[in-house]
Amino acid sequence: MQEAIAEFVHDGDSVVLGAALENAIPFAATHELIRQERRNLNVIAPISDISTDMLIGAGCVAEVTGAWVGNVSGGMGHNFRRAAESGQPNPIRIYDYSNFSIGMAFFAGAYGLPYVPLKSILGSDIVKSNPRMKMAENPLADEPEPVVLVPALKPDIAFLVVQRADRNGNSHIWGSTGLTQEASIAAEKIIVLADEIVEPEVIASDPSRVLIPGFGVNAVCHIPAACHPAPLIGRWRRDNVFFHDYHKETRAPEEFDRWCDEWVRDLPDHAAYRAKLGGQLEELRITGEALSAPANYATE
Amino acid sequence: MQEAIAEFVHDGDSVVLGAALENAIPFAATHELIRQERRNLNVIAPISDISTDMLIGAGCVAEVTGAWVGNVSGGMGHNFRRAAESGQPNPIRIYDYSNFSIGMAFFAGAYGLPYVPLKSILGSDIVKSNPRMKMAENPLADEPEPVVLVPALKPDIAFLVVQRADRNGNSHIWGSTGLTQEASIAAEKIIVLADEIVEPEVIASDPSRVLIPGFGVNAVCHIPAACHPAPLIGRWRRDNVFFHDYHKETRAPEEFDRWCDEWVRDLPDHAAYRAKLGGQLEELRITGEALSAPANYATE
Amino acid sequence: MHDYSTQELMIIAAAREINDGERIFVGMRLPITAYGVARLTHAPNAVGLFESGVARYAPAEDMIYTMCDGPNQLGAAWTTGLIQIMGLLSGGRIHAGFIGGAEIDRFGNINTSYIGDIAAPKVKLPGSGGAPDIAAMAERLIIIINHQKHRLVEKVDFITSPGFLDGGDARERAGLSGAGPQVVITDRAILRPHGPENELHLAAIHPDHTLEEVIENTGWDLKSIPEVAQTAAPSAEELAALHQIDKEGFWRS
Amino acid sequence: MHDYSTQELMIIAAAREINDGERIFVGMRLPITAYGVARLTHAPNAVGLFESGVARYAPAEDMIYTMCDGPNQLGAAWTTGLIQIMGLLSGGRIHAGFIGGAEIDRFGNINTSYIGDIAAPKVKLPGSGGAPDIAAMAERLIIIINHQKHRLVEKVDFITSPGFLDGGDARERAGLSGAGPQVVITDRAILRPHGPENELHLAAIHPDHTLEEVIENTGWDLKSIPEVAQTAAPSAEELAALHQIDKEGFWRS
């Protein structure tokens, strides 16, 4: 993943880090972006728990495009608040969306619609505060019918965590996926963080479980627990304690710096992060089985 | 299914009969609509092979909304041509779409967008011939940028064929699905024709394979091979001979009438149809296994 | 002292707002428990939806911290994408949704975005999530909020999620299809819109709370509906259902 | 006599239009075989897409009559919905697409809808399918059609799928992003757009066919590019690949 980020992510890029809401968040990529000191990123995510807060604290972020930034366990994200309220460590520009409107903006970006006319964001001041959105009337309606025009979002790069992928990036994902498919297809480049690398035959045995086919993927990295402390269905439970600790240990800028040194900057890579977690991570590993009923694709 | 159609489908309704293109076409429902002599239907389907042609020949149709009407094996659909060219057995109104534009019209209907602005139908005379579509400029663009506004389609009822469902309508579908999900959700009512009825636990073992959840379904009918002569992945192969025979045996109105008596009107129900097919149907049954790799949903 | 906590009363009051067979946008924490109580008592056929892409019949069997946690997905009716689930809302298929907030005003508008000036906020709140979409498009909106003067304000600094906007028919004129906030459940009382202005009025006071206290803790000049009731105490059945769900007594204290 | 049929020559000419690594919208019949030949020869990393919701690397192993048949889905790279697959086209991610038609005109516009008047058509053709979307949005359009005077016409009665519209920069002015028809492969010749008008010109004549015959069977005054070539005969490798795919010799006769 070091090489993939070095090659594909540039200062100033718009980066989707997790589009599945509170699960499958690519924290391993968040860490590596901090270690490689990327700057002026536009972080795009509907909700990515503390991933966005970490990047802001580490000074990587110029813009935030999203629906919610914080710590689902602890409430606020301290770095996000500091940046928004007092420009520390640097001011950030915030583009507010609701979950459905950012979803439809990704959808439009993925599938070639220049914009979408939405009704679900009517009445919200988000329409006034986000300069990308515009009020209009439905030109096809006989009676006046207000709509909000939301333009397509086309990020530079999307990181996604998947349960399993083959070496070519063909990926299986299950459980709720939030905006994973739309955000990834809308992005110019896709980097897959696979919890497990499997033979191509495993993925090909169930092409309907493919959310992102390999032909659109720029790099596949095998990183177990890349989602930690977020959960991944059937693989890893959520590390609730870690989220609480982050909330307690990042109240002041110098506290965040200490946290970030300890958990990110002083570690060479995600393997070292997993080693540091040790038994705490092993306890989150899902070892039970609740298997899906098979689907038959036979032709004769 | 007789009861479901008697209760839920009325003369003049707009009906989606197959949205998965050339597979999983609900021919069993097509037959029953003919037997119950529904009239003035607006048949909506991107491509439904000979289903639409049969309904037109039987005098059930006033309007056709779709992208292609014919016989994939034989080319033209004779009844469709007769109705369009000479108003036999009755004139029909045709609303032409391309596949993507009808797909996005269903999408808009399903998810509450009043219309969608499309570029993929620019330059086609379909925009001129279909009065529902309208040329416009992208109001968010700095330079003039033409788009075609396509309004939402909200059918009265959608029939869909699924590989398996539980008694509450929770349904698993796999293989390519065309517009099944969007068309069904856009419809006011959904009737599921299940090739197999399984215990709820089977469906619940894999909620990511659910395309249509049961809480939106108005009726579930257990009809094996409801798709015949179209294929259903992992269940039934396509009956190519049947399509060819239909093409040969429906060239003139009286020929179609004979065909329709033999295969539809003179049969009381789909069980009788399957019995009439006998060994021809059994040869199409898929008995082999090419099973999907399992997905794990365990939580611990 | 009662045999139930204030939070348990709030949960049960929220459960009573769910009708059988309805599709409900459930949030986390208190509403998810309310949904569970409703399913076990008067609404066994309700369906719960979560914006991440989950629909469930029975609520999750184990404790969940986020809607994406494993137990909320195991045995779900549907695990899919956000657009499929929130699209049902946008498509007008959802009967009711729960939301909370940092501030609510007398027309039921909710702020979860900015306290103070947008350009230089005194407090930057986490943001909207899917709340604006729920507030705009669910047939009914159910709001849960703590009853404090700085939370129930005359006018919110920022309308994240629309209630009745400026009141009267402003909501309808803005093109919003859902009926808007039909109930606000606090730790002291229950408010409901009343009259042609659709202003939130006091509708019921929880046991052991007083009119004066409620008025004092409300940031606008709170009016009452003609006959203010006392919130009905939880029935034995309701409490049993709640205890069945809240095995560890998380909401009891 | 050659060791290949006209249809085999057309398939191989079509295969040569596919570059390695490209994403190709494959239609049924002749193009699907061309895609298979290209994968086995010079384009082993091409990806084939089918509008019903299928993407494949290797072509189907067994004979298929429709893109939805089982063998086209078994072992696919992706079986999904139409919007996901055609959305890639609309999103500008597709390098080339194949379409056919009942009529084509000198600007590469294609009719598969109405012969004669729309209101009272002489022939009602089956319609567009996804062809307009492919014609509008694929980077390049590859057209295959039988070379007959009533098919290659001065002006089509109805533009189902846009080529260069009225010629020149009309296509660009109409807002279409793809480069339009880059080649028309017939059973007699190969045409390509040429000159500022983007009119289809004769680019190559198949072996055993003559300039006079091609002109005579074209419904407009067909001009030629400066140096008209003879279509290169299939190489041994190309024919071997074709025979490997077309085991039953369906295209040989």
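Quick notes
Just so it is clear, A, B, C and D label the chains in written order, and each chain counts residues from 1 on its own.
Definition applied: a contact is a pair of C-beta atoms (placed from the backbone, for glycine too) under 8 Å apart; a residue touches a chain by one contact, two chains touch by 3 or more.
Owing to the predicted nature of the structure, the values given are computational and were not obtained by experimental measurement.
For the interfaces B-C and B-D, the C-beta contact count is higher for B-D. Distance between chain centres (mean CA atoms), chain C to chain D: 57 Å. In whole angstrom, the spacing between the mean C-alpha positions of chain A and chain D is 40.
Averaged C-alpha coordinates give centres for chain B and chain D that are 27 Å from one another. Residues of chain B in contact with at least two other chains: 104, 112-113, 118-120, 145, 147, 174-175, 177, 181, 205, 208, 233-234, 237, 286, 290, 297-300. Counting partners per residue, chain D has 54, 69-70, 73-74, 79-80, 83, 87, 89-90, 137 as the residues that reach two or more other chains. Touching pairs of chains, sorted by label, consist of A-B, A-C, A-D, B-C, B-D.
Within the complex, the chain A residues that touch chain C are 20-24, 46-47, 49, 66-70, 72-73, 75-77, 80-81, 84-85, 94, 96-101, 103-104, 107, 118-126, 129, 145-147, 174-182, 230-231, 233-234, 237-238, 240, 286, 290. Chain D meets chain B in the complex at residues 28, 50-54, 65-70, 73-74, 79-83, 86-87, 89-90, 113, 118, 120-133, 135-137, 158-162, 165, 171, 174-177. Of all the residues in chain C, the ones that touch chain B in their complex are 23, 47, 54-55, 57, 62, 69-71, 73-80, 83-84, 87-93, 137.
Residues 104, 112-120, 134, 136, 138-141, 145, 147, 149, 151, 163, 172, 174-175, 177, 198, 202-203, 205-206, 208-209, 233-235, 237, 286-300 of chain B touch chain A in their complex. Partner chain D is touched in their complex by these residues of chain A: 109-113, 170, 181, 185-186, 204, 207-208, 210, 213-216, 297-299.
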